Amino acid sequence: MGLVAVMFPRRILEEKLLALLAEDVGLGDVTTEAVVPSECTAQAEVISKADGFVAGMEEVTILAEALGLDVDCQVSDGEKITNGQVLMKLAGDAATILTVERTMLNLLSRMSGIATATKSLAEKIRKAKLKTRVAATRKSAPGLLYFDKKAVSVGGGDPHRLHLDDLILIKDNHIVVAGSMAEAVKRAKQNGSFSKKIEVEVATPEDALKAADLGVDIVMLDNFSPVKIEELMKQWKKKDFSRILLEASGGITADNLLDYAATGVDVISLGELTHSVKVVDISLEIVSTA
Amino acid sequence: MGLVAVMFPRRILEEKLLALLAEDVGLGDVTTEAVVPSECTAQAEVISKADGFVAGMEEVTILAEALGLDVDCQVSDGEKITNGQVLMKLAGDAATILTVERTMLNLLSRMSGIATATKSLAEKIRKAKLKTRVAATRKSAPGLLYFDKKAVSVGGGDPHRLHLDDLILIKDNHIVVAGSMAEAVKRAKQNGSFSKKIEVEVATPEDALKAADLGVDIVMLDNFSPVKIEELMKQWKKKDFSRILLEASGGITADNLLDYAATGVDVISLGELTHSVKVVDISLEIVSTA
Amino acid sequence: MGLVAVMFPRRILEEKLLALLAEDVGLGDVTTEAVVPSECTAQAEVISKADGFVAGMEEVTILAEALGLDVDCQVSDGEKITNGQVLMKLAGDAATILTVERTMLNLLSRMSGIATATKSLAEKIRKAKLKTRVAATRKSAPGLLYFDKKAVSVGGGDPHRLHLDDLILIKDNHIVVAGSMAEAVKRAKQNGSFSKKIEVEVATPEDALKAADLGVDIVMLDNFSPVKIEELMKQWKKKDFSRILLEASGGITADNLLDYAATGVDVISLGELTHSVKVVDISLEIVSTA
Amino acid sequence: MGLVAVMFPRRILEEKLLALLAEDVGLGDVTTEAVVPSECTAQAEVISKADGFVAGMEEVTILAEALGLDVDCQVSDGEKITNGQVLMKLAGDAATILTVERTMLNLLSRMSGIATATKSLAEKIRKAKLKTRVAATRKSAPGLLYFDKKAVSVGGGDPHRLHLDDLILIKDNHIVVAGSMAEAVKRAKQNGSFSKKIEVEVATPEDALKAADLGVDIVMLDNFSPVKIEELMKQWKKKDFSRILLEASGGITADNLLDYAATGVDVISLGELTHSVKVVDISLEIVSTA
Amino acid sequence: MGLVAVMFPRRILEEKLLALLAEDVGLGDVTTEAVVPSECTAQAEVISKADGFVAGMEEVTILAEALGLDVDCQVSDGEKITNGQVLMKLAGDAATILTVERTMLNLLSRMSGIATATKSLAEKIRKAKLKTRVAATRKSAPGLLYFDKKAVSVGGGDPHRLHLDDLILIKDNHIVVAGSMAEAVKRAKQNGSFSKKIEVEVATPEDALKAADLGVDIVMLDNFSPVKIEELMKQWKKKDFSRILLEASGGITADNLLDYAATGVDVISLGELTHSVKVVDISLEIVSTA
Amino acid sequence: MGLVAVMFPRRILEEKLLALLAEDVGLGDVTTEAVVPSECTAQAEVISKADGFVAGMEEVTILAEALGLDVDCQVSDGEKITNGQVLMKLAGDAATILTVERTMLNLLSRMSGIATATKSLAEKIRKAKLKTRVAATRKSAPGLLYFDKKAVSVGGGDPHRLHLDDLILIKDNHIVVAGSMAEAVKRAKQNGSFSKKIEVEVATPEDALKAADLGVDIVMLDNFSPVKIEELMKQWKKKDFSRILLEASGGITADNLLDYAATGVDVISLGELTHSVKVVDISLEIVSTA
């Protein structure tokens, strides 16, 4: 149903997750080591403290299992969750649960925060019977491209390009360096691989039409108002540019989202989805020990 | 003046920063490679698009210089910045500037967002002539402990423990596993190193007093109202516990911050400082090429 | 002029190159350590022992400079070289030159071998006044995607997708798993990001036309004869599919290359360019010491 | 029977193999993610498309098993294989099979190509009832010393030194730097560890005899004709140098191999075995899904 | 009973241990590969060749199990061992046992050496009914902080700070740079996090008292004689500084240990525990093969 | 003059050294950060607190320079040093000097300890006009093979094999697994590369002679008394085995060293050189600040 973005072999993801844990552990979890009796086992529950949509279940399951814990997921990535709901049951070595707790919760609460924000926008468009895709940008937290993009996908959004190697996206600064949009696009078509799409960012309807004439695959409308996009759309249909995708970006909020979507643009991208995340509060509670 | 938290030798920080860049580059910046004429140099400006306090200048300077760019900082970490202000001038290979642009901006805008939020709370307390410290938690974005804690420090906050190896912090789950608070603290004092402080999280004033009696260094008051803290304070003074630090945590917002600070607690810690960051919008513009 | 593929910030490439060197050095170059007098400096020349086109000059320059050697390039990547020609002059610590010699030559001779093979095919097509691009595949030596793709680009070829994250390329095995080509393409359009092209591999002209009808961006003709492609081309023009790219792959050699190119396919891809490389023999000679 | 060269604990080899896969995956296999239904399992066969000798079965088995796939090997490293033969059956998660397919095939086809070339030369010598060893050099693909040397061993060749830390091999450039062969050997004997052999490369029979007089363990005859070697052999026997090994190198091909072997040299080394590999074509086919 | 210091999730420790092994293996264990018949299994015993206290059992068990060996421990970390005692039984692939033997023994013999030295001092104090803790310093072998500190803990010592991020320890050089002890402590209290203790090194009783007045948590008495400490203790009690810990360091040996402990200092730290280790001789013997 | 063992390109060594530092720094040097005024520079001296021979000067110079410090060496590796002597002057950023101090001293004091012990034995033999080499084993501190072997070389010792890939050394356990010494040596000669020496450990004179008959390059006499070796020597000369090296190992101390050397064995190896190091006490003092 939704878009799901990126796929890592489990062992490669495991390494990434263990590296996150290792940073948090440093030279040892001094609290757990001092306080937890040896050979103590425990059962724990991961519990949502807010409503939202969950993401990161797959990632934290892999991390917990890599440390030898038994994991029993009560929900799957992308599902709706409510305040008080148990998301996951954990069992195993008590010290291990306590040491990995924060790394698991940090992943889960951030990814769920991204998925929840994405889902709320995507649902709004779906309910209005519109087809525009909600997409992320590369404005993620540094180093978290994989997790942030994955969470957008889980929330029903489009991850957009994953990083710098999978799309030729000519932005304003590239045009300044190349001398003109025409020159930049010409160079991209000549030097870029046939295997990649070419997208250009434009600031005016005139430039959007010019870009389409130059034969790009996608045009990004930077900071266009819905009205301006509607006017462009008339030209777009006249010129039979329908196979060239239009992406609106800049100044788009939950409030004006439907105005943008109603213009018929193919994609609406928002940096806020990943750069200014409001986490879903999730906690872990030890429920029994042995 | 403010607290500054952590210190990395430059070369070690450089490796961390290059790893962030490498994730974004993947197997190559296909846009820049196709579009930028070889041997082209450029000058660029990093410009704030909002008001706030800047953090991350040191980090992005190290990254840019590691790639051979000339960096001319116009502000220092911790300074106030305003919409439209030039923060930094860059000069050098145009392709390099374009490839590193997003990694630099992601770092700078997130760290400045954290510093700005921290500073606004810390200033509020300072203006009220109170002495309470505003502190972060370990609820950072996964893998970003160094950068998130550094930004809190730049904003005049206390980074709190950096990760799991530098403080014995006994939370509710540790107490469940140990059987009781008394047992947990006893174990911590017996097994923990003399070189580390011992902090305990409590849910009631009674437990706070009991923890103090047990000889801990810091007591964390979890979800106490200001009124409840004030009552506790009376007992605290009676018992002459003034050298035991009190940290309030949970349910604290910009709105009720001063109510908490006015109770006389030593530290107020907020997960939101690092888990739900609102970035400061910052952009980079190529201003000339050669 | 030619296509150049991928761009790495120098410092990231440096790390990759030093890792190659480290494998070769192990716990130390025991010959150099024993034999070379300390504080001895030398001048050396890197000399071609065959005709061809050079690639890898940029990479070995970065490696040598990272070790503190002075490098004076006599040719640039992509230039024609002849037997006996001096490609590069090196000066500096004699022990360092001797230790890095083989890693430099292995890189240079393999990358030049790839560039030479690519160039010979690309030139053949260019001289026939045809426009077909010669492209690589992912059939590289394990771990050498960056260097092998870069060498293809230097030789005037198209690197094709760099790895698994930059193109949706549906091959026969994907179709088996999805159940049918129609289902596979439907899923790709629904689940894949708008930012990526979709390519499908087909074994018959009928499937090629069906794929085009399904709206893919590129069709890969697997093991088609030139005659079969020509017949397909007639349908292709009738159906006005000209904006859908055609890639011929399988069974193409230097001998029949022009037959394929003459059909008007947009791209000819050959695994041999990178999986069965014939190196250009290149050696290093110490010319003086001090 | 044959020489087998190098031994890695499985877990260390696993890390190397996962790193090769990680480069190919980048931020995710976008095709598999989009096209493969979740929870789909498959059975696949790895099939040879040419005759030869197989190598790399051990390596790809370790990689596939590390990803959770079931592996059923139909042949062992070093065995003869023929066009159409099933080498391995795989079963497990369909997405995982499709993601790892190319990395497995790249390893297997390259290593089998090296083993096949080595075996054809080694067999030629064995059939002529001669005892000369066929050996590799350090002219491998960059970074592939382990895999290339292992494949030579599987093919019945001698891996020669593995890298720079396991043999003192004084080549022409070392002699130039040391001032003379006598000085270089003297330094090697004085400064080198007793635990390592000393080999010297020579260009004339006179130097070969001089090297033997200096007490080296191995003499490498660089670009000697078979006739010249035969003449040297007479002196060699006269001087009773039989315990000093002779290695012929340079200008040796399949055609003149037996002429060289017939001279009685102990070792014949060829850079082509690893620097200019012709792969054995091997493919993977999904045979059923569930 | 004793202090146990640091806790690593098993998988993170596994990576550290495999890295130690990888350095020793290089490009392969050429002896085992040549000499051991394939598919040979063996049983082996790890045997102590001296009396002492064992440490490292946990670490070498994790390493051996990571390589697929069966491990049967006969003693636990911290237990007394005697010459000739079997510490561990191993079973599994013979080649793997032989390859990992030295890395296991190097860990076990060094960690046991540290634990034995620590235990002998700690027991001496315990038998004298004194409460002083024996502590390590950061004077470990380079890169072995985790293992050296862990071994001290196993031996009943206090690991002291684990590295530079968990204690503010102001030494003589910091005081020189800050200008004065008072200034250094003032800066530490102002700029350091509330979550960390502050310790100061002093060279005279006067400075010890001054440090206590400044409000530090721990005072390190550098090269004080027991007599001088006793005199200080009188002032200490008078001033009611009992909650400030005293650490004696410098010039302390097994011979004068009790003189120091009898002064009532809280901690005695000795660099020798980790910088000049006398290993416990431990060997491995193959007892059967199959 | 002495043996110098292993040679690393500087940049590769730099990475190793920075990794050692990174472990010690963790998430930041909290003392230096709090206490050192920003932009403060300092001059420091590294001073020996004991007599001995210095090693590690090259390594700590590379580390300090990598961090931007100016280094002025007053002695070179291998030179005699005395209590109170200034070994090195450092200048630069005060915080950097304080952060790197302990890592530098740990390296320098351990490596100097190894060199001093080695030198004292090697000199004893040299003064007795004997030619036996003093050699290390693989019994180093875990992970420190490079530094420990380098220090032995600096002290005039032979590093012996560097790790498992550079010598076929058949020990008692290998013989047990192979079935007999004869079988083990036969397999080594058949399967091992011609480029490596073969050494066998023996427990009796009979086995020593048998090993020589089997054609090995080196025989290790395990726990032989000098008398027993002398008797063996008579047979050795009779059989004309002089080109086969003899290594004595086990039970050798400073006291009986000359007895062993006087037997005429080529090599005496001692695990104690690297497994039970007594460091040379070396300290760092800030001498001025600005």
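Chains: A, B, C, D, E and F, in written order; residue numbering restarts at 1 for each.
The definition used in the following text is that contacts are C-beta pairs under 8 Å (C-beta built on N, C-alpha and C of every residue); 3 or more make two chains touch, one makes a residue touch a chain.
If you're wondering where the values come from, they're calculated on a predicted model, not measured in any experiment.
Looking at the partners of chain B and chain E together, the chains they share are A, C, D, F. Within the list D-F, B-E or D-E, B-C finds its counterpart interface, over half of the contact pairs alike by residue number, in D-E. Of all chains, the one whose CA centroid is most distant from that of chain D is B. Rounded to whole angstrom units, the spacing between the C-alpha centres of chain A and chain E is 45.
Residue positions of chain E with contacts to 2 or more other chains are 4-6, 23, 25-30, 32-34, 99, 145-146, 162-163, 165-167, 190-193, 196. If each chain is drawn as a node and touching chains are joined, the picture has every node linked to every other. Put simply, chain B touches chain D in their complex at residues 23, 26-27.
Considering their complex, residues 4-12, 15, 145-146, 149, 162-163, 165-166 of chain B touch chain F. On the side of chain C, the complex with chain F involves touching residues 18, 21-22, 25-30, 32-34, 66-68, 95-96, 99-100. Taken together, the chain A residues at the contact with chain B in this complex read 19-20, 23-37, 40, 42, 44, 94, 98-99, 101-103, 105-107, 109-110, 113, 138-147, 162-174, 176-178, 184, 187-188, 190-193, 196, 275-279, 284-286, 289.
The part of chain A that touches chain C in the complex is made up of residues 3-6, 133, 135, 158-163, 165-167, 190-197, 199, 217-218, 243, 245, 247, 266-267.
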